[in-house]
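Chain IDs A, B, C and D follow the sequence of writing; residue 1 opens each chain.
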Amino acid sequence: MPRRLSVTLTSVLRLALATAVVSSSVVLVGGAMVWRLEGDRHGTTFESLGDGIWWAMTTMTTVGYGDHVPETTSGRVVAGMIMIMGVAVLGAVAAVVALIFASAVARREERLLEAEGRTLEARLEVRLDTLDARLARIEEHLQGRAPRE
Amino acid sequence: MPRRLSVTLTSVLRLALATAVVSSSVVLVGGAMVWRLEGDRHGTTFESLGDGIWWAMTTMTTVGYGDHVPETTSGRVVAGMIMIMGVAVLGAVAAVVALIFASAVARREERLLEAEGRTLEARLEVRLDTLDARLARIEEHLQGRAPRE
Amino acid sequence: MPRRLSVTLTSVLRLALATAVVSSSVVLVGGAMVWRLEGDRHGTTFESLGDGIWWAMTTMTTVGYGDHVPETTSGRVVAGMIMIMGVAVLGAVAAVVALIFASAVARREERLLEAEGRTLEARLEVRLDTLDARLARIEEHLQGRAPRE
Amino acid sequence: MPRRLSVTLTSVLRLALATAVVSSSVVLVGGAMVWRLEGDRHGTTFESLGDGIWWAMTTMTTVGYGDHVPETTSGRVVAGMIMIMGVAVLGAVAAVVALIFASAVARREERLLEAEGRTLEARLEVRLDTLDARLARIEEHLQGRAPRE
């Protein structure tokens, strides 16, 4: 089933790309937002856009070193959104890897079912061949006898 | 199979909603509890309900910055429950995303099996048509000869 | 398929129990080991068995506050093992939740396939009934004519 | 289906081994790189190769204690790669565990479908046997009558 394999790989690559694009956007936009919201606070650790992006990355991957932590309510709301996105991204990555395996299992399953279907059909065909042959003999017999009568 | 798709989407949306409701409740209740249990401790970092909720959120998503950490045994027991819920929520999110993909794969599988079933049936129908036609000829032959005898 | 559902629920409960038992053991044994290995170090933060267990729990769930961190090589080796167990436990929890859903999908699939199998069989039965009736008529016809000859 | 079981277990073991090898390599190489990049920085916490490897391990498993954190841009880029690998490894582990369960479910499914296929075939065989017997009687009847005419 080469068509099926390619379809699956295409969806996986599409999802992987979508995950990468969404994750990068969340890290860049979220990091920039928190840097803006927290950067002017007295005693802030968000000293540059780079710090914001670095923090957003450690948050989204749920690593959370704690070297940079938002302390304003608005900063924490943005952080909460990044964390929720991070959990969703983790789920998507797990699902993509699981899908690759599951589709391999499904393909094997499918081939086995096809093989089984063919076996069933083949056995029924043999039986129907026998019936057909018998009927052909009966027909010939009846037609062969017809002129003799 | 539009009915099936809608059923699957409904279950996914229901689970997503349930996950969101349970997670929010755990964050709010757990955060409030730990703030109550830790807020009066000397040198606490849980200075407000907001700190409690923020801490509960970073704990549930397993980010764990470490800017707020419970130090009493009762606070740690509540924290442990939030962590366990967090692991379960991560699993549920991963499962929901995996389910969406798996159901797509299952639908394709189903269509392929249906198509195969129809092909098998169509081929058997052709064979049975042949047998039927043969029998009809035999019957006609026998009935056609009957009056001649 | 009530038997099947119960089988699945039993396996899920069994895995959930096994995960809980293994996780608890790792947290207790690992926490005690690191407390032993790190507790005598100058400037340690592992002041009690409770600190060890608390740290092991935050490590296994990958929260990692960083309020207690092993600094000896042997403590870090034990920590590494707890981390690896934590990743495996996360995977097991995700798999259990995914399994519950997948088995629900599989049960629907199964019912659809059964229904399809029954439809195919019913249609073939109708065809075979027709053939059978035709053959019965031929047989009667032949036997009815036999005495007349 | 013993052959199938062994195939699945082999793929799982192969993936588990691949995950372990890739993870170990990323931890060793990434830890060494960050130690090199960060070790000479004033006020660094990366004092030895061991610190680098320990940090890489806490990063890859997304534990992220924050006891060692890269602060140079190049160190953070390496850290980001390790985090992304960590998320992928988490996904792979979840997928492997899910696969083990899914393949067990798939095997039950397969056995049920096989059993159903055999039941369908058995019932059709009984019907075909009846048709065959009827035809045999007709043939005998016709051949038995032939000499008498």
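One rule holds for everything that comes next: a residue touches a chain if its C-beta (ideal position, glycine included) is under 8 Å from a C-beta of that chain, and two chains touch if they have at least 3 such contacts.
Model, not experiment: these values are computed from the prediction.
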Legend entry - Contact-richer chain pair [B-C vs B-D]: B-C
Legend entry - Reference interface A-B: repeating pair among A-D, B-D or A-C with over half of contacts shared: A-D
Inset, instruction - Mind checking the centre-to-centre distance between chain B and chain C? Centres are C-alpha means, answer in whole Å. - result: 13
Legend entry - Rounded Å distance, chain B centre to chain D centre (Cα mean): 18
Legend entry - Contacts with 2+ other chains: residues of chain D: 62-66, 90-91, 94-96, 98, 102, 106, 109, 113, 117, 120, 124, 128, 131, 135, 138, 142, 149
Inset, instruction - Could you please specify the touching residues of chain A with respect to chain B in the complex? - result: 4, 7-8, 11, 15, 59, 62-66, 69, 71, 73, 76, 80, 83-84, 86-88, 90-92, 94-96, 98-99, 102-103, 106, 109-110, 113-114, 117, 120-121, 124-125, 128, 131-132, 135-136, 138-139, 142-143, 146, 149
Inset, instruction - Quick one: which bits of chain C touch chain A in the complex? Just the residue numbers, please. - result: 62-66, 91, 94, 98
Legend entry - Touching residues on chain C, where the partner in the complex is chain B: 50, 54, 57-58, 61-67, 89-90, 93-98, 100-102, 104-106, 108-109, 112-113, 116-117, 120, 123-124, 127-128, 130-131, 134-135, 137-138, 141-142, 145, 148-149
